[in-house]
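Please read the structure below before turning to the comments.
Going in written order, the chains are labelled A, B and C, and every chain counts its residues from 1.
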Amino acid sequence: MSDSATTTTAEAQSPLREAWIMFRRNKPALVGMAILSLIILATLYGAFIFTGDAYDIVWAPHEPPLVTPEFPLGTDYLGRDLVAGLLTGGAPTLAVGAAAAAITMVIGVAVGALAGFFGGWVDNALMRFTEFFQVLPALLFAMVLVTLFTPSLTMIAIAIGVVSWPQTARLTRAEFMKIKNLEYVTAARAIGAKNGRIMWRVILPNALPPLIVSATLTVGVAILFEAGLSFLGLGDPNTMSWGLMIGSNRADFLEAWWPVTFPGVMIFLTVFAVSLIGDGLNDAFNPKLRER
Amino acid sequence: MALLEINDLKVEFGTRYGPVTALDGVSLEVEAGETLGVVGESGCGKSITALSVMGLIPSPPGKIAGGSIKLGGEELIGLPDKRLRQLRGSDMAMIFQEPMTSLNPVFTAGDQIAEAIMLHQDVGKAEAFNRAVELLDRVGIPEARRRASDYPHQLSGGMRQRVMIAMAVSCQPKVLIADEPTTALDVTVQAQIFDLLNDIQRDFGTAIIMITHDMGAIAEMADRVAVMYAGKVIEQGVADDILDNPKHPYAQGLIACIPALGKGDAGRPPPLAEIPGVVPPLHLLGEGCAFADRCAHKYDACAKAPVLGGDTAHPVACHASAEARI
Amino acid sequence: MSVILEAKDLTVRFPMPRKSLFAERQHLEAVRSISFQLEKGRTLGIVGESGSGKTTAAMASIRLTGPATGAVEFEGEDLFTLDDEAMRKRRADIQLIFQDPYSSLNPRDRVSHIVQEPLDLLEIGDEASRKARVEELFKLVGLRPDQLNLFPHQFSGGQRQRISIARALATNPKLIVCDEPVSALDVAIQAQILNLLAKLQEELGLSYLFISHDLGVIRQVCDDIAVMYLGRIVEQASRDELFTNPRHPYTQALLAAAPSLARRKSSGAKRPQQLKGDPPSPINPPPGCAFAERCPLAEAVCKQMPPPLENGVACHVANR
């Protein structure tokens, strides 16, 4: 490549600011950011504007949308207001998704990094351990966990995290194995860097791009997983969530599509927005894509 | 008329800085039985020149923006794909720098050569395979019949390059382009490959275009030399003239900065001659001489691009040289 | 003259993956019992073909590769017996420059940070003095202060190699291992870097362990030279001796094969001597002299007994 810095002038900027400048250039990521912000704002503050209790039975069941002005999205099988449901159910859904993704990343990256970096028996032991979790039928295992303990949102997030980290671990391990043999890692060793520093400061930042993508996917998967559990009747029945809305209304889908469809659309939009943002973040933190 | 004539070739690439000119009016010719050496710094357009001849410029982002390439009188630019495919392999062939990646890992060496033969000649599988074995023997692979059923990963780098050469010469092409064929190989193996290429040329009268950045390789292999810089030919001539009497400041620097291999004598050798600076990136090339920033002989005339001219046997693109200021 | 680095009987064996569950594990002896001395302020060159063990030998001698046996003394101190923390401290004195200017710098770090990192890690000076040192180093290797905040990919190969050199110099080391520092560069840039290394050696009194496969480069920068073949040193001599009077047939072949401006096609010049074939595999190396298969002088004894390194050359015939 004919890249040369002889003619570039470097303006010094804080790394975060530079990342933000890059992020701003990425139109899809901005759209994702806008969608997600709207959703979060709505779930946090929507209830103040649109005052209605999601748990109250306020109208006849299965009122179609756009018929009664008070209930623009209609009501569910019990006659509860769907708008109130969507607004109240958002926060728990997002929280479960984010928490589960965080758990997945923490366990997955830690296990994968140690296995990939040290290799040998450490790798062997950790990978057997990972395989054990990987062959567990995820949904079944989560169901067992949730039924054994109380089906609270925390438990659901933990269950999802515990069954979905092996993939992240494998991905991290592969990246670490590849990168640890590159010369800049040897160079770090040669200037006296300790293993911990090499793993977290040198290798991890370079392993991040696929991990960020996988983390955003995990948020999506976790939200869907929660919906799946609720669909099977294993959600937390006392906390409204989009998953629970889908789960409890599924039986009547053929009579009334809306109580299932609207939460479904919200889940889709959230997952979509998160993955756009993930893409943008990945680019923003990649110095190679920055203007020369 | 020469066997291969490249005339005023222009190649452009679309980049994020807009279109850049990777080749800017390159003219070269090669006669049958002759080796033309092409030298120059990384990125100066050597490979792009070779790929243009083969009709293999990646497009997009690349495109041939002008000029002509004639092989045995036939214009290659704009030729339909079908005809180009016929010519590739039979009339012109190319060997690449990386012998590790230019062979298909899932076929044996013999099969790949046989495949190349069957593509251009009307022979059966068994016959083609026998020819492949002969060729492997010809390029100096010991136990050719056994080696023919080896997969590329079972061969050393030098042997892979021999297989590539066997494949390239399987149909006795008129022009063989070797793009840095020995850069990835050890010197002892490189010497073997050079001898092999010279033998092939002697036996078949093949014209060879030898791309390299190594002046030593030029001395051993080339009859004539073209020196390239930033997409242009800046000096051209008989190998001995270029090596003993380079006219362009860049060519002079290129030859002077090679660490000599002579006998050791007491004390350290003096510092090497240096060409300061780096090649400017294509998108930042200005109006004037592309070498001006690095040139010790620069003067006001250099603000305009010099053209290749002067002595027809040894033309050079440099104002200072043309006006005898060097 | 005092010796700064001395390797004694250095051997590196890599375990190979088993072919099958029950197969015996094979080993690859990348470096086989080599010994050398590097004198303070001088340059010891290691030359040899790809896979001959140059990198492994150099890395082992500064304890950067795993399973090495033998001994390495740095300023009289045995590196292999140091504990990890003491070795880490010692690293300030021993630095490294790599071949590939593209993979030897962390692509996610700013170059100023790359150069400053050794100072941070070894806790040398305070933040302000480290920053000042980085700027000073930049000037020393011929980079501009306005390039401090760029990322590695924004530099050309030669400039990156300058950054590597600045990083290596940060801690004021005494020894720098240069593993083919110019092999990936164009000749014009190669000359710049070689001159820079020579200048720095002169000014700072550095010692270099310098690896290359290019005899021209070796002759330009090295005072003493070790020629390696299949994990062994086959000839060891001063520059003058090696280039005027190469004694091992492999050294002679290397010199003969190296391209030279003097050997012209026009005059029909031919290489005096031509080696056939490739080096043997380092797994199960031949019992005798590793070069015997390709050697024009080989005799019966060469295939049976490994020649000892005597009078600076390991060859039955040359030592007669």
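Assume a residue touches a chain if its C-beta (ideal position, glycine included) is under 8 Å from a C-beta of that chain, and two chains touch if they have at least 3 such contacts.
Fair warning: this is a prediction, and the values are worked out from it, not measured in the lab.
With respect to chain C, maximal separation of chain centres occurs for A (centres as means of Cα atoms). For this structure, the chains sharing the highest number of C-beta contacts are B-C. Work out the mean CA point of chain A and of chain B, and you get 52 Å between them.
Between chain A and chain C, the centres computed from C-alpha atoms are 48 Å apart.
With each centre defined as the average position of its C-alpha atoms, the distance from chain B to chain C rounds to 31 Å. Multi-chain contact residues, meaning those touching two or more other chains, occur in chain A at positions 2-4.
Touching of two or more other chains is recorded for residues 156, 159 of chain C. For chain B, the set of residues that touch two or more other chains comprises 278-279. Within the complex, the chain B residues that touch chain C are 35, 41-42, 142, 156-159, 186-192, 194-195, 198, 213-217, 219-223, 238-240, 243, 253-255, 257-266, 268-269, 271-276, 278-279.
Those residues of chain C that touch chain A in the complex are listed here as 59, 62, 64, 88-89, 91-92, 94-96, 98-100, 103-108, 117-118, 121-122, 146-151, 153-156, 159, 164, 167, 170-171. Chain A contributes residues 2-5, 8-12, 182-184, 186-194, 197, 202, 205-206, 285, 287-288, 290, 292 to its touches with chain C in the complex. Against chain B, the residues of chain C that register as touching in their complex are 49-50, 156-159, 186-192, 194-195, 198-199, 213-217, 219-220, 223, 238-244, 253-266, 269, 271, 274-278.
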